[in-house]
Amino acid sequence: MDNESHMSEHQEETPASSPQVEAAKTVWAIVREKFADAVSPLDENPSMPFFEVLDTDAWLDIALFLRDNPKLRFNYMACLSGMDYPDEGKLGIVCNLESLGEHGHTIAVKVKCARDGGVIPSVARVWKTAEWHEREAYDMYGMTFGSHPDMRRILCPEDWEGFPLRKDYQVQESYHGIRVPY
Amino acid sequence: MSEYFRDIASGVTTVLTGMGITLRHFFNAVKRKGDAGIDDDNYFRQVDGLVTLQYPREVIPTPEIGRYRLYNDIDDCIGCSQCVRACPVECIEIETIKVTKDDLAVCGKTSDGQQKRFWIPVFDIDLAKCMTCGICSSVCPTDCLYHTQVSDFSEFSRENMIYHFGNLTKLEAEAKRKKLEEEKKAAPKPKPKPKPKPKPVPKAAPGGAEG
Amino acid sequence: MQELGLAEQGSLRVTPDGENRIVIEKDLSSEEMILNMGPQHPSTHGVLRLECRTDGEVVVEAEPYLGYLHRCFEKHAEMTDYPGIVPYVDRMDYLAAMNSDFAYAIAVEKLLDIEIPRRVEFMRVIVSELNRVASHLVAIGTYAIDLGAFTPFLFCFRDREHIMNLLEWVSGARMLYNYILVGGVSHDFPKGFSERTGEFVDYFRPKAVELQKLLTENEIFVKRTKGIGMMPADVAINYGWSGPMLRGSGVEWDLRRADGYSVYPELDFEIPVPDGRFSDIGDSLSRHLVRAMEMEQSLNIIEQCLDKMPSPEGFDPRAAIPKRIRPRAGEVYGRAENPRGELGFYIVSDGKSTKPLRCKARSSCFVNLSAMKELSQGQLIPDLVAIIGSIDIVLGEIDR
Amino acid sequence: MSTSLNAWSDALSGFSPAGLPLGLLIIAAIPLVFIALYALTYGVYGERKISAFMQDRLGPMEVGKWGILQTLADILKLLQKEDIVNKEADKFLFVIGPGVLFVGAFLAFAVLPFGPAFIGADLNVGLFYAIGIVALEVVGILAAGWGSNNKWALYGAIRSVAQIVSYEIPAAIAILCGAMMAGTLGMQQIILQQQGEYGFLHYFLFQNPIAWLPFLIYFISSLAETNRAPFDIPEAESELVAGYFTEYTGMKFAVIFLAEYGSMFMVSAIISIVFLGGWASPLPNIGALALNDWTSGPLWGAFWIVMKGFFFIFIQMWLRWTLPRLRVDQLMHLCWKVLTPFAFVAFVLTAVWEIYVK
């Protein structure tokens, strides 16, 4: 596999020149070329290089591009995590993508939306695995995913109040007559 | 058609193979596994045969570092509360009273010679909450808090799962607190209060300590 | 009576009546029935609920409902310091706690950028491979139960017992070890552990062969699993499958090789993928076979590690464990190969606190199960059971 | 001793006060009571122990020495259990289901000969009756499954009916091969033809070079008819929770259980009667050692047929604890595409053998 060595080596090398970051730079350059200002500059941290999608509406197009461009081929979405950014007043998702079995490179993409009533385009049609991840992000943070096929809570009960992983979450007093905080 | 007969043939042979295996085990049922512990050199020489151990009478020995019931050797405890802070499930409750100067000798030293500076009227471990992760014992500076090999300690009441290790009775604690107050009044400079919260002290003071 | 095209679908008959109007008759109309499989059902491996729309024995679609075992791992993690999260990680995938700890340790260590002693790495690999064997034994055993064979299950548990004894000896607990800590392990191997592990490998090899003869090669078992729950490789990747599930679809992808974490690059092992001779690539049988073959590879890895492990002289397993874990501000996605696939941790640190700002667990079963809806379409109920079993779910990890 | 016992049973069968054949009733009841006791205590206990030994376990050990009283304890427990009838159940069918099942399973015992004299009713169509009466079980299962008003129970019942009705065909054809060799349907006549000084060599299984085929076919079909693994799909616990008796508790559950063990013994007895000589001793007379003569008689007869029955029950358990379960369509495939054609082949070959060779 392509990235067989870089994880183990990156501890010895200086972080900036780790192959993971180098690969991410190349990827970012291709995306930047196509989408210009819709994406932010690459954050070249050694542990998880990422870029942010500044134009939230462009996320679906970028996702498709990431998946289908022959130089990128990010066919595998390893993870999609919801995130709360209370300082910026935003919610977001972090996607860890990987080109499995083809190029072997990885990159992380962040997409943010407004804290109240924020909508992020759903990529469940690009990577089917995103369907449940997005449901989980909605369940925990409350942002909705536009054109998601099945936007429901997944882990919490349907009638649970609030979104538990938001930093300002207050747990409800009772649930169907059961006292919640114990 | 040939596949039809091949299926039948392989069906019959694999079924017979499987039956052979179970029959071998059936006739092997005259042997029984011993109850040697894993640290025994002969462990894998005694595992043939029926593996059931009839629990209360035959027990797999728990290894030396087995992490089961939490125990606090209160004589060695210096009341530093590190375990309370480290516990992920908050199952330890501790209350300390600073030892007055003239009581230091009474309070004594730990087994490795460290002067104890706190009375510990309350050291309660709720073993119903404890998940035996062992983090508390790894942070304990005097190694007085440790998990024992006792793994079977079920109780009929949840109350009984709370183990009390405190070294003062309620009355004694009251007396010590008063003494500390007096010392503080006598001393010229103000000292930070060692939180004299009037918490309810459980009735049975050194209750279910190891046994 | 003139029969039109619709009639071929079964229950509809279209007949022109006297006035040449077309009347649609319904005879023996077959209604769909909603069948709740779970949350208490013997073969949902815990508290999973599948809402099946069935037409007779045929499942039109099965929709999984999760959350019955939701224990708020991510919320807990935000309120607990880094070493305190490890016991919670144990309880996510309780069948492979060592592997889960390993993944978490990798993620945090990546954030901390600390050097791990070489012996510790070998110890971690040995215990997690032992746990992988134990976990696969449960997977195979419960799969046998799902298909109605009870005896292989107990044989699996009999052998797993020895692994649990071994791991209890080294860590002090039988299932939820809290052994692999950030920066090290909690105890050094006890005296004689390496020999006993070697003896276990020798003991287990013939048992694995017996298991294969009793279960895997059994014609009924093959007939029940071959060609059931087919998943082509590209769809599997798109669904984010990983681990034995993905390899069952013929993709040679193993994080131990791909990421090459710990000492795995130094070890010689194969990534088993089905060759399509005994099973159809991508079916339930392939996934079962991959698990069975992986046990063999794990035994090889354990043997090599026992040979290569540095001597214990002057060794402190806790030497590299930081007194207080307060990583630099940053974020990391660390992952490891769990018995069920890729277990990843996305951890965000603000650089000030000893508690993570965010700790998301990318659970392998959660992702693997998300394909259930597609896999279940048009299957019989017994096949549905066979498919769930082949996914090898642990609800503790799915619901977290 | 044997002659005195014969005389005793003859005397008992002649006991008919006021024209009622009470003596016959008692004789008929003896095996039934015996089997019921066996089925409850030693069948269940045996199954648990056998499965335990095959799985490297000890099995029940706590109640009595080696746990032999375990089943009694279980019965006591089941007797004390609350008899729950669902609110939504069809109460009549729900209650009558286990009864019909039980009656269906035990009616066939009327024609099982436990010795030259021990037989409830020596019908001249005994074999036909035994095959036919089993169909009553289907009604019981369907009543139980439908009456429970539970989807899993319904699935179990439907599956069970499909399975039992289908497997009647190869089973009946295979049994007909035996009947053809005997030239009669009466149970006692079939056995009498297999009795002789050469012991087991007189058995139909060894009288005919192709008799093993109907023997095997009947054995496999009987597994399906009694819902035993690998054909236990009606109660497939990993798919259907418990199949048609999901909703039953207490004594009703025990009755269903008893019926299952009863029918297990019934099919085992039939296969040993038709192919292995029933109560006829397998030991041959070897010169002066008249083993066959020594081991024949009413008590010995009961001993032999029960032993043969136990042997087949052991094989049933052995199979159950070895094999996975088939799927519904595979079960039907096995029935219609494998067993039935082979049963016809066996039927024709037996007929050819009987007419032209013998």
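To keep things simple, chains are lettered A, B, C and D as they appear, and every chain counts its residues starting from 1.
The criterion applied here is as follows: a contact is a pair of C-beta atoms (placed from the backbone, for glycine too) under 8 Å apart; a residue touches a chain by one contact, two chains touch by 3 or more.
Treat the numbers as computed from the prediction; the structure is a model and nothing was measured.
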| Common touching chains of chain C and chain B | D
| message | Considering only chains that satisfy the touch condition with chain A, which of them also satisfy it with chain D? | response | C
| Measuring centre to centre with C-alpha atoms, which chain is farthest from chain B? | D
| query | Is the number of contacting C-beta pairs greater for B-D or for C-D? | reply | C-D
| Just by CA atoms, which chain is the most central one? | C
| note | Cα centroid separation, chain B vs chain D, in Å, comes to 55
| query | In whole angstrom, what separates the CA-based centres of chain C and chain D? | reply | 43
| remark: Whole-angstrom distance, CA centroid of chain A to CA centroid of chain C, is 23
| request: Report the inter-chain centroid distance for chain A and chain B in whole angstrom, where each centroid is the mean of the CA atoms. | output: 41
| task | Identify all positions of chain D at which a residue touches two or more other chains, and write them in rising order. | result | 54-57, 321-323
| remark: Expected list for chain B, residues touching two or more other chains, is 15, 18, 21-22, 51
| How is the touch graph of the chains shaped: line, ring, star, complete or other? | other
| Every touching chain pair, please? | A-C, B-C, B-D, C-D
| field | Parts of chain B lying in touch with chain D, wherever the complex brings them together | value | 4, 8, 15, 18-19, 21-23, 25-26, 28-29, 32, 49-52, 54
| query | In the complex of these two chains, what residues of chain C are touching chain A? | reply | 66-67, 70, 72, 74-75, 78, 110-111, 113, 115, 234-235, 237-240, 251-253, 257-262, 265, 330-333, 335, 342, 344, 346, 348, 358, 360, 362, 366-367, 370-371, 374, 399-400
| query | So in the complex, which bits of chain C are touching chain B? | reply | 76, 80, 83-88, 90-91, 151, 158, 161-162, 165-166, 168-169, 171-173, 176, 178, 186-187, 190, 192, 196, 199-200, 202-203, 210, 213-215, 217-220
| remark: Per the touch rule, the chain C residues reaching chain D in their complex are 33, 35, 41-43, 57, 144-151, 154-155, 158, 214-215, 218, 220-221, 223-224, 380-383, 385
| task | Show which residues of chain D lie in contact with chain B when the two form their complex. | result | 50, 52-58, 61, 318-319, 321-323, 337-338
